[in-house]
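Before I ask anything, let me first share the structure, which is written out below as C-alpha cells.
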Amino acid sequence: MAPSPAHSIPGTMLCLADYQREAAQRVDPAIWAWLEGASGSGMARQREQASFARHAILPRVLAPVAHGSTRLRLLGQDLAHPVLLGPVGYHQLLHPQGELATAAGALETVMCLSTMSSVAVEQVATRAQGPLWFQLYWQARREDTLTLVRRAEAAGARALVLTLDTLAQPASHHAIRSGFALPPHISAVHLRDIPPAPTIAGHWYHPALAGLAAAAPVLEDLHWLRSQTDLPLIAKGVCHTGDAQAIMQAGFAGLVISTHGGRALDEAPAPLALLPAMRAALGGDAVILIDGSIRSGGDVFKALALGADAVLLGRPQLHALAVAGSLGVAHMLKLLREELELTMALAGCTSLADITPACLIPA
Amino acid sequence: MAPSPAHSIPGTMLCLADYQREAAQRVDPAIWAWLEGASGSGMARQREQASFARHAILPRVLAPVAHGSTRLRLLGQDLAHPVLLGPVGYHQLLHPQGELATAAGALETVMCLSTMSSVAVEQVATRAQGPLWFQLYWQARREDTLTLVRRAEAAGARALVLTLDTLAQPASHHAIRSGFALPPHISAVHLRDIPPAPTIAGHWYHPALAGLAAAAPVLEDLHWLRSQTDLPLIAKGVCHTGDAQAIMQAGFAGLVISTHGGRALDEAPAPLALLPAMRAALGGDAVILIDGSIRSGGDVFKALALGADAVLLGRPQLHALAVAGSLGVAHMLKLLREELELTMALAGCTSLADITPACLIPA
Amino acid sequence: MAPSPAHSIPGTMLCLADYQREAAQRVDPAIWAWLEGASGSGMARQREQASFARHAILPRVLAPVAHGSTRLRLLGQDLAHPVLLGPVGYHQLLHPQGELATAAGALETVMCLSTMSSVAVEQVATRAQGPLWFQLYWQARREDTLTLVRRAEAAGARALVLTLDTLAQPASHHAIRSGFALPPHISAVHLRDIPPAPTIAGHWYHPALAGLAAAAPVLEDLHWLRSQTDLPLIAKGVCHTGDAQAIMQAGFAGLVISTHGGRALDEAPAPLALLPAMRAALGGDAVILIDGSIRSGGDVFKALALGADAVLLGRPQLHALAVAGSLGVAHMLKLLREELELTMALAGCTSLADITPACLIPA
Amino acid sequence: MAPSPAHSIPGTMLCLADYQREAAQRVDPAIWAWLEGASGSGMARQREQASFARHAILPRVLAPVAHGSTRLRLLGQDLAHPVLLGPVGYHQLLHPQGELATAAGALETVMCLSTMSSVAVEQVATRAQGPLWFQLYWQARREDTLTLVRRAEAAGARALVLTLDTLAQPASHHAIRSGFALPPHISAVHLRDIPPAPTIAGHWYHPALAGLAAAAPVLEDLHWLRSQTDLPLIAKGVCHTGDAQAIMQAGFAGLVISTHGGRALDEAPAPLALLPAMRAALGGDAVILIDGSIRSGGDVFKALALGADAVLLGRPQLHALAVAGSLGVAHMLKLLREELELTMALAGCTSLADITPACLIPA
C-alpha cells in the first residue's frame, strides 16, 4: 500500500539522502525493494554512485557572481534550472495520487511522464507546472506506438523520450526476493488497451529474449517515428557513440546517457564516465542529458562540466513523493537547485555556460 | 557425509551466489572448508574475484538481436553455449551419486571428468548429456598415465585435459583447520590400481617437493603423450605465454589459463588479467579456455571479450549439486546461460564472435 | 556551555588525535557538531584527510643534523616554527576565556585572530605570546571593513588575512541536526556595531546568494584594501592559480590555500594537491600557506616539501583548548613541533629550506 | 613476565600469521604492545604490509624443478636459505632464556644479535646453530663502539650490522599507553658498562634531538669503523640511493633497506618499493638485504625478485619464541623455507638466481 505522505516537510530533510532515508522508513518493504532494486548484482548502480566521487570542483574567488542564474533553453523551452524529472513508472505505489502529485510538485521544470504511468497523460497534463514530456516504450505494433504518440501530443507533451535500453530487462533479485507484485488497483494505464506483443520466435534460449523480434525497435523504426510526429525526439539509454550518431542522423534532437538507474545491463559503466566522449562525438548542438545517481547540486555541476545539458532524476522524486507528496517533490527540487547555485557561485560560475571541464580537477 | 539434495529447485536460487550461500548451509563444514579453501593466504583467489570488477560492458541499442545464439564449435564439437563443467574431484562428497548426478545435469555442455573422480569414467559416460572430456593427472610411470588415457578413450571421451599446475599443491589452511579427511567410502577410483610414485630424491628440503622428479611432466612428456592418442589435447593451468607456445608446438589444441581456483600458487595473478597477452601470443586458432571465479553471465562475457573461447566452472557445479542434485546443476547452467544471453543482447551481440575487446570499457 | 578544561595535561595526550578524542568527550554535542561539521556531505574534508597519505617521506642517514632548527622568517617576522594558529571563530564555545586562553598558549608562533572572535582584538593582543595577525571578513560597506582594519592595526596586528572563500557558506548538516545555536553570551564582538549588509537583489533563487552583491569582494576591492593599510596582506581560501596571480598583482604578500576546513565548497579538492601548481605559478617569493587536516609533524613536513612556507591549524587548537586550556594549546603545539623536528632529523633536513619535493616519494 | 613457551608445536601453527595470533594470546599485553608497536600513527608499518600485495607471481609449468635449492653464498658464508633472523632487542621479554633460546632454534641460518640483547654475545655464540652476526648501535664515544666490536669479534661474529636509522626513535604511542617498562631483571647487557652519552647541546627544541651530536654517526665514522675491523660491514636502515652509494664507498659490503619495522620515521615508504632503484644504483655485487613485514615464502620470493639477496625477519622470531621457544623458531623458519621452495617450484625457479623481476606481474 502506498504510504501516507506528511502534510509538511519534516525539518530533518536537508539533502536528497535525507529523503531517501526517510522514505525507506515509510515505504512498504516490497515496494522499497522494487524502487531501490537494480538488475543482477547491482554493479551498474555501484559504478554510477562511485563515478561522481572521482571529480572535485575547483573553487574560485573574486568573481562577481551576484547576478548569476541556472536558466537554460532546452528543446525550445525556457527552464529555470537543469534538473528534470525523468520517467519512472507507477508513482501510485508511493503516493495515492501518483503522478498527479508528482506533477503538482514539479515546479519550474520538465516532468517526463512514463509510458508505465499509473495515471493517464491527459490527467497528468492538467496538473503539470512546467513542460510535460512523454516517455515512450516501443510497442510490438507500430499502430500501438502511434496511439501513444498521439495521446501524448493531444495532451500537450512538448517532447518524446524514446527508451531504447530495455530490450530485455534483467530481474532485480532484491525485488524478487521481497515478493514485490503490482497491487491490482495499480496498472500501466496507457497500455490497458494495447494487446500483448505477438511472439516471433528467435533463436535465444532465454524466454525474455524469445519474442524480441516483435518488440525491439531498430534504426528504421526511429526514422519512421521521426516521420510521424513534429515533437522533438530524445533517445534514452544510449551509451555508445556510434549508436548515438546513428540516432542523431535519424533526426533526433538528442539523447539521455543512461543505464536505466542500474536496471538494464548489470555490468554497464557509469553514465558520467561516458559523457566527455559522447559530447566530443556529437558536437555542441546535440542535446545530451544524463541520469543515474545524481543526488546533489555538486553532482549536477559535474555532469554539466563534463558535457551534459541537463540531468534527469529518477528515484529521488519518488523518495520525496513518499515522504511529503507534492510538497516533498517541490522541496527536493528546491534543495538540489540551491545546492547547484551555491556550487556555481563558489566555483565562480554565473551561468550554466560557465560550467566547463576546466572547473573540475581529479579527486 | 554428503548432504541430501532437494528434489526441486528452491525458489530463492536466482543466481550462482544463491547456490553458494545455500550450499554453505547444507554441506558439512569440513567438506565445505575443503571445497571453498584455497592455498595459503587465499590471495590468488581474492585476485580472481577482483579481476572481473575492473571491466564494464558497454551497452548497445538498436541492434537487431532477436535471432542471436550462444552456439560455438569447440574441438570439432557443436556446443549450445560456452560454459563448460571443469574438472573437480570427489563429487560424492557433495552428493551420494557424485559425478553420475553431475553428468545427468550437464545439459547441452561438456563435462570434464577429473582423474580424481569418485565414480569411474566408464559409469559416468553412461549418464553424460553432452561431450565428455577427461582430465588427466600425470602419473609417475608413463604406463600408468597411458592406462588412464586408454580408459578415457574407451569410455568415449572426446578430449583430454592435462593438468600442469599442481606439480606440488600448497595446503589449504582452511581445510586443514577444519579437520577435513576423505571418508573411507570415497576415493579416486581411477587411481585405485596405480602404485604410488617411486620417490627420486631431489635437493629440496620441502617433503612435498622431494619426489617431484618422478611425477612432474616436462615438455618431452607432452610430445610423448601427443604420440599416444588421437584425442585433442588441452593443457590446464598455463599462465605464461612462453610455456603456452611450447605446449602448442607439442601439438596441443589449446589450454586453460587457470590458477586452479586459487589452489596452486597462492600468489598467482588473476587468469582474466592474463587473457589478452595469451591470445596475442597464440593467435586466433588456438583454443583458449579460462576458469576462476566465473559466477555470472557478465563474467563469461568479459572472459570471451578478452580472448577466451569458452570458460570452465569449478566450485559452482558442486554448490548446485549439493543444493539440488542433477536438477541443481542443470538449473545453475541455465541461469548462467540466460545471463549470458541477456548480456549479449544488451551489448548488441548476436553471436560469440561479436564479443570483442571493443565491448568492454574500464570500470 | 563551554567545558571546564583540565588544569594539567592528561598523560594520554601523545598526539593531536588524542586531543581530538578527548575533546569529543568533554565538549557539548551540539558545539562538537558545529566544530567538527563540514559543509554538505563532507566530501571536501574527506579529501583533505586522504591527501596526506598519498606521500611517504624518504629517510636519510649519516647527515649531521644535530644543529638543525625549524626557524623561519615570515612576513618580516622571525618564527620558531612553521605551525601557525589559523583563524577560527568563537573560542568561548570551547573555553570560558575563549581567545584569551588560546593566545596565552600560542607560544613562539603566530595567532591569527578571527573577525568572528568572541573576544575583542584589543584584549587578545594583551595576552599574545607571539605576533598577532587579524583575519578579515569583507563587510558590505567599505567603511565597516576599514573600521576592522584600523582596530587590528591599533591593537598591534602584524598582518591581515582576508578570507575570500565564504562568499556563501553551505550549511553543515551535522551542525543543523545537532540543534547548534550560539548561546546568548557569546557573539562576534567585532561585528557588534556593524549594521547588517543592505541586500541588493541578485538573480539567484537561493536566499544565501540573494544579497551577495553587497558583501562579496571583487578584485577592485583588494586594490582598495591594499591602498588603505601598510600591513602585509594575505588572501585566504585561494585554490585557483589564476585567482592567485591576480591577487598577487593587487599587492598581496601571499595566500592561504584552503577550503575552509571543508566548510566552503563541499566538492573542493584537497589543498595539499593544489600546492605544487600554486608554487610553480607564483614563484619562490610569494608567501604560500596552507591549512586543512594537518594533524602531525609529518603532515607539516609534506606541506612544506610540496611548496608551503608554513601551515595553519584550525580545529586542533580548539580541541586542545577544550581539553586543557592555554596549557593544552601550548602542549599541542609542542607535540607538533617535536614531531616536525623528529621528521626533519630522520629525513636528513636541518632547516626548512632542506625540505623539498625530493624528500617525498609516492606512498 | 615472559610467557611459558609450549614444549611442542601447537598443531594449529600453519603459517607465520598463526604464530602471531597465538603469541598475542600468550604474551603480556604491555610486552605485546612494545613488540607490535610502531612509531607514531603506524603509517610506515601499514605501507610495509600493503607493499607485498601489489605484486603477483607468474606461475610456470613444465620446468624440471626437482633438483632445486634455496642455497646462497652471502658474505663468504654458505647458507641453506635466504631468510635470516634480524636484530631485535630483549628476547627475554618473550622467553626466560631469551636470545639463547632463539639461537638454538636458528637452524641453518644467520642470527644477527642485537646490541640490545638481553644475553651477552659470548653466551649466545655458544648456542648458535649457524653464522652469528652482531648488530652494532653507534655509541657516543668511539672507544665504546670499539669495545662492542671487539666483543663481537672475539665471540666469533662473522659480520657487523651497523644500524643507522635510529638517530632518534619516535615513541610508539601504543607501547606508551600500555605502560610498558623493561622489568628490572632484563637489560641491554652489552651496554651495562658503557656510560651514557655526554650531551652536546644542539639547536633543536625536541629533547630527543638535543644530544644527537655525540651519538649519531656520520660518514667519517663509517670510514673509521671500516679501518678498525676485518669483519664484513653491513649498514642497516638505508633507504636513499645516495646514502647507499656513500656507504659502499666507505668499504661496506652492503646494506639492509629497512624502516626499522615501522619504528623509525612514521611516514617512511615501504622498503620493498625502494628495492629496484637501490639495486640499480648499487649494481649486482653489493649485498642488499631487506626487512619489514615479510610473513610468507611469497613475500621472500618477491623481495628477491625485486633485487634483494636475502631477507631479515624481525617480530616473527619473537612470536615463535613466545609460542614454543627454540622449537617454535626452528619451525617458523621451516614453514617459511618450505613456502619459499613451493613458490619457487611453482614459479619454475630452481635457484635463487632464477628469481628475477620477470617472475612478477602487477596484481
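Each chain gets a letter, A, B, C and D, in the order it is written, and its residues are counted from 1.
We take it that a residue touches a chain if its C-beta (ideal position, glycine included) is under 8 Å from a C-beta of that chain, and two chains touch if they have at least 3 such contacts.
Predicted, not measured: the structure shown is a model, and the values here were computed from it.
Between chain B and chain C, the least number of touch steps comes to 2. In the CA-based superposition of chain B onto chain D, the rotation angle is 90 degrees, rounded to steps of 5. The two sequence copies chain A and chain B touch through a face in which the numbers common to both fall below half of the numbers used overall. Taking each chain's centre as the average of its CA atoms, chain C and chain D sit 43 Å apart.
A straight line joining the Cα centres of chain A and chain D is 60 Å long.
Touching of two or more other chains is recorded for no residue of chain A.
Pairs of chains that satisfy the touch definition comprise A-B, A-C, B-D, C-D. Across the complex, chain C is touched by residues 12, 14-15, 17-18, 53, 55-70, 80-81, 296, 298, 301-302, 337-339, 341-343, 345-348, 361, 363 of chain A.
Every residue of chain A that touches chain B in the complex is listed here, in rising order: 40-41, 43-44, 47, 164-165, 167-168, 170-171, 173, 176-177, 200, 202-206, 208-209, 212-213, 216-219, 222, 235, 237-240, 243, 246-247, 259, 264-270, 273-274.
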